[in-house]
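Pasting the structures here.
Next come two complexes, and both contain chain A; in the first it sits with chain B, in the second with chain C.
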Partner chain A sequence: METFLAQIITGLSIGSILLLVALGLAIIYGTTGVINLAHGEFVMLGAYSAWALQTFLGLGLIESLVLIFLITAAFGWVIEKVVIRHLYRRPLDTILATWGIGVMAQQAIRLSAGGELRYVEMPSALGSSVSVLGVETSAFRIFILLFTAALFGVTWYLMYRTSVGMKLRAITQDREVASCFGINSQRTYSLTFAYGTGLAGLAGALVSPLKSVSPEMGTTYVVDAFMVVVLGGVDSLVGTVVSAAILGELTGFLAFLSNDTIAKALVLLTIVILIRFRPQGLFAARTRT
Partner chain B sequence: MNRLGRRRFLKGTVATAGVAAAGFPHIWIKDSSFAYAASGKVKVGVLFSLTGTTAIVEESLHKATIMAIEEINDAGGINGMQIEAVVEDPASDPATFAEKARKLVLGDKCVSVFGSYTSASRKAVLPVFEKRKNLYFYPTLYEGRECSKNVVYTGAVPNQQQDDFVPWLVEKFGKRWYLIGSNYIYPKEENNYCKKLLASLGAEVVNEEYVPLGHSEFSSVINKFRSEKPDVIFSTVVGDSVVALHRQYRAAGLDPDTMPMASLTTSENEVAAMGPDAAAGHFTSAPYFMVWDSPENQNFVEAYRKRWGGDKVTHFVSEPSYFQMYLFKQAVEKLAPGDINPANIREAIKGEEMVAPQGRVRIEPENLHTYLWPKIGQCQSDGQFQILKQTSEWLEPLPYKAYPNQVCKESGLKET
Partner chain C sequence: MKRGTAIQLGTYGIVCLAFLLVPSFVDDAFILNKYARYLVLGILAVALSLSWGYTGILNLGQAMSFGLGSYCMAMVLKLRTVPVHTGKAGLPDFMVWNNVDTLPWFWEPFHSMAFGLFAGIAVPVALAALLGWFVFRGRVTGVYVAIITLATLVVVNLMIIDQQRFTGGFNGITDLAQLEIFGLTFDAYGSSSYYLIAAALTFCLFFALAVTKSKAGLVLQAIRDNENRVRYFGYDVAFFKIFAFSVSAGIAGIAGMLYTIVMEFASPTFLGVQLSLSVVIWCAVGGRQSLLGAALGAIIVTGMQGALSESETFLKTWTLIMGFIFVVVVLFLPKGLAGVVEGLSNRVFGHGDSSKPEPNIVPDSLGAKSEAESLR
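And then the complex of A and B:
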């Protein structure tokens, strides 16, 4: 029973990391339709920002979170202004463009910060384990879980309770008509892209004390993020959460019962089967196309 | 090209070949007659990934190799000939490794090539060196079970890393072992050998599992550690996964005093990336540690940091990358300039000895692997290892020890 409970918590933890990484992508992909293959590199830039702030300014991870969000969001904003905005009407070209941005970001980091793995210190207060319902769990993982829940709350609020969010949803439904009503879609898209990038940066910073930091780290995250978003349904925030939770629990349990190699294969298989019968994802919002 | 043109072209080629044959009388007899040192330089290839996933480690191997070449050249070269390094970046991709190896051997006419970290990349270049009868120097510890006349192996094979390590751990910690590795050939062969040792010691394997390469989510694995409660976790997880495993082990509050991880793959390089707090208390077996106290190692570490930066670490793959260049030098030194070719270098390097940073090493004449000095280290909170034990004498490389009916001889693999 205790093992079972431990596995539930583990699954939630894996799911929360998946959600954290996927949330930025869900926002960008779901609203602007840009297939952002550089998402993994935005995650990587967040991790490197954490490393740089810690190494050169002596800032701890928690203190630097706001700065990291701003740095990566600014980066995303510039990318949107310079490249992405010219491609909104050519969604397929965004694949190539963002892929290129990703490659350049990787190499830029390799040239400036070096190719070796980097070390980001875990906040010392969260470095130990805590007992949750009688199960020993990493305090930092619990922190990630709560932080992700909070981030999701903020994002949901922005989307459904603010005027920017309402405009964004209007543009998502029909850009032309929204523009006729006086909504500045360019500006809204810039903000959305920057926000999504900032979320990716936060994800990178938060996973860096548990995992490793290298220029190539983004490639695995971008795959995970797309799995979550595609399974959840492209423009459904709730779907993203549910799908992250399902994938987290599924991965956790399969890995516990067999091993991680099998788990990875079975999870992918499950997604393929689900997509076969529900191509729009589990929670597709009805939109006019 | 029309028919006439092609015929003319063919004629021309034959004529050129004829001239070449006249100039170098042995050209048709053997590939080896090409005058490798004709320019007064010894040309070698350096084939480590500077980009891609394994560049993280291979960059340090590249640096150690380049430093050895520079040192040798500064000290007057090999019998007065400078070593000329042709550097290629195979970008962590086995197919690119093979392509670049072909270029170095055929295009640049390198007399030997130094390279590779992963077994996959070594296997990819092997046909090039065997077909062209060139020589490859491979510095990485690996899974053994290879018997090539065209590779000099200066890293450890399973018997050299495990023969002392496994019995020592069984005695100190206990008989319930959990084997975890990355999912490819190296961990499987190491575990195969480990299981044989454990069986002979009456120890038991409670679980054996493999995670995908590059895997970074170990929470389910850690739950299994908790429920199985093994005495020793034997880890052959590689690359950035090592970092994730150690950090998550530590964050989960597990204790290295009662459930230590014993690794064949965790070096100073990985420790620097995971942070000393996550590494402290765990064990590694390797022929070389950065703290090893010898004048040769002191020189090596000092020179390395002076050349590449004061925060850089040396480790058990960068050290062989360094000393194998000196073994190469010693072998070439024995040859007259006209005799310098891969086949002669191979003959000359057999039984060659030198004092490396880890101790005196020797190339085993039959299988071209290396006699090494395995050590057991425990990681400390400063990120360096404390060496707890060293083998009493250098250990013979036995790449087929897990397969008692096979042995690697000078003439090739023998079934007995």
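And then the complex of A and C:
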């Protein structure tokens, strides 16, 4: 029972990190249709921002979160203005352009911050472990879980309870008709992209104390994040949560039963089979096509 | 023969001839080996152009076929070496290090060269046909195909890394013998290998061209432009897609086998996500709707990568430059370099190229919109 509970909690922890990384991607992909392969690099930039703020300004991780969000969001906003906005009519080409951006971002970081591994210190208040239902768990992982839940709440509120969100959903359904109603789709898309990148930056900052920070760290995240988003259903925020939880638990349990590599392979196979039978995702919003 | 086709055949012929003539001008074995490597990657790009540019299947797992072909060749060549530890006809060295006592059953047939060459094409084709059947029979389209192929690639890659005892794991299969067929030895640094690869590129280019010019090839392009309309005409869309997917995998398998010959090893990076995405980039730069364009795209991009990464001034910034070029190409040359050449030749010769089907019959905005919709 004890190990079972421990496994559940490990799975939830993996799932919360998955969701954290995938949330920004889900927003961008689900609404603008941009397949953002540079998402992993945005995560990486967030992690490096955390490292830079800590090393050069002495800011702790928690204090610098807002700044990191703003930095990465600004970066995303610029990318959207310069490159992405010319590609909304050619969604498949966004794969190529964002890949190029990702390559550039990686190399730029390698040149400016160095290619070696960097380490971000865990906030000292969260360095201890707490007991959840009799299972010892790292306080920082619980913090990530709660923070992700909060971020999801904020995102959901923005999407479904604010006018920006309503405009965004209108554009997603039909951009031309929405424009006819006077919605500035260019501006809304810019904001959405910046918000999604900001979320990616936060994700990078939060995972940085758990894993070492390197210019290549984004590559693994972007594949995982895509799996989560596609499995959950592209335009369903709730679906993203559920699929992150499922994939997290599955990875945790399979890794417990065999090893990490086999677990990863089995999870991917599961995803392949699920997509084959439900390409619209597990929780597709019902739309007219 | 129509005039457009004649021009096209002539262009393909001249370029292939140019490739075949390179060894007459290049003496340096190292440089020749480098060029041979670029040509192999050109073949890989032809494979993707056939499935992506002509059929609209964005296969992000093209490296899977490539890697499997490469491993088949490596297995054959490995069994032809004399292992240091176990003597003649013994186990490959990495198996000895991993305490494997007997040769696994799936290694046994690779004692035969003919079987190895056959497997290098048949294994990727069989796997692609199976995956294609699984995916296309379920009418999975668009970005979901991309995700599935990418995930499958990662699965195969992970399995190869995990089964270190039988595959050499991270290190791959190294220390290979040289390929010998019909009394000819193909040294990785000799002109014989280069000729073999240039000939293979020529063959693959013309074979793929023949496929696209056939009636099936026309159906494939119709599927790319509008899948549903083709279905309404009564064609079995899934069958044609599986066909294109498998042929493309076979060509990639050939490329993989040749890559093992020039590189003298097989490694899990040949099935890597990086390489797989790079192939997409090459096709995009060269022009995905042109087989020759895709091949040249691969050769130019990898050639530039090679040249930039070796030069002193660009040692550190070459990836930055490459990334920048990709973004610029995507933004301003959506049809790649082939599109530029086509545009120029149209301007020079007028619209003499009328036999060539317009790639995008649907008005641009409509076409783009339906693409956008199908992605959601």
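Here is the rule we use: the second predicted complex is superposed on the first by the 287 of 289 C-alpha atoms of A that agree within 3 Å, B and C clash if a C-alpha of one lies under 4 Å from a C-alpha of the other, contacts with A are read in each partner's own complex, and residues count from 1 in each chain.
By definition in this document, a contact is a pair of C-beta atoms (placed from the backbone, for glycine too) under 8 Å apart; a residue touches a chain by one contact, two chains touch by 3 or more.
It should be emphasised that the depicted structure is a prediction, and the values quoted were computed from it without experimental measurement.
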| item | value |
| --- | --- |
| Partner chain(s) touched by A:Ile101 [first = chain B, second = chain C, both, neither] | second |
| Partner chain in contact with A:Arg90 - chain B first, chain C second, else both or neither | second |
| Touching partner for A:Thr261 - first (chain B), second (chain C), both, neither | both |
| Partner chain in contact with A:Pro279 - chain B first, chain C second, else both or neither | second |
| First, second, both or neither for A:Phe140, with chain B first and chain C second | first |
| First, second, both or neither for A:Asp235, with chain B first and chain C second | second |
| Chain B versus chain C as contact partner of A:Glu249, first or second or both or neither | neither |
| Those residues of chain A which chain B touches in one complex and chain C touches in the other | 107, 259, 261, 264 |
| Residue ranges of chain C touching chain A (in the complex, touch as defined) | 58, 134-135, 138, 140-141, 143-144, 146-148, 150-152, 154-155, 158-159, 161-162, 273-274, 277, 280-281, 284, 316-317, 319-320, 322-327, 329-331, 334, 364-365, 368-369, 371-373, 375-376 |
| Residue ranges of chain A in contact with chain C within the complex | 33, 35, 37, 83, 86-93, 95-97, 99-104, 106-108, 111, 219, 223, 226-227, 230, 234-235, 259, 261-262, 264-265, 268-269, 271-272, 275-277, 279, 289 |
| Parts of chain B lying in touch with chain A, wherever the complex brings them together | 50-53, 55-56, 59-60, 183, 209-212, 214-217, 219-221, 223-224, 226-227, 240-241, 243-244, 247-248, 250-253, 269-270, 272-275, 277 |
| Complex contact set, residues of chain A against chain B | 3, 6-7, 10, 13-14, 17, 107, 110, 115-119, 121-122, 127-129, 136-141, 209-214, 216-217, 220, 251-253, 255-256, 259-261, 263-264 |
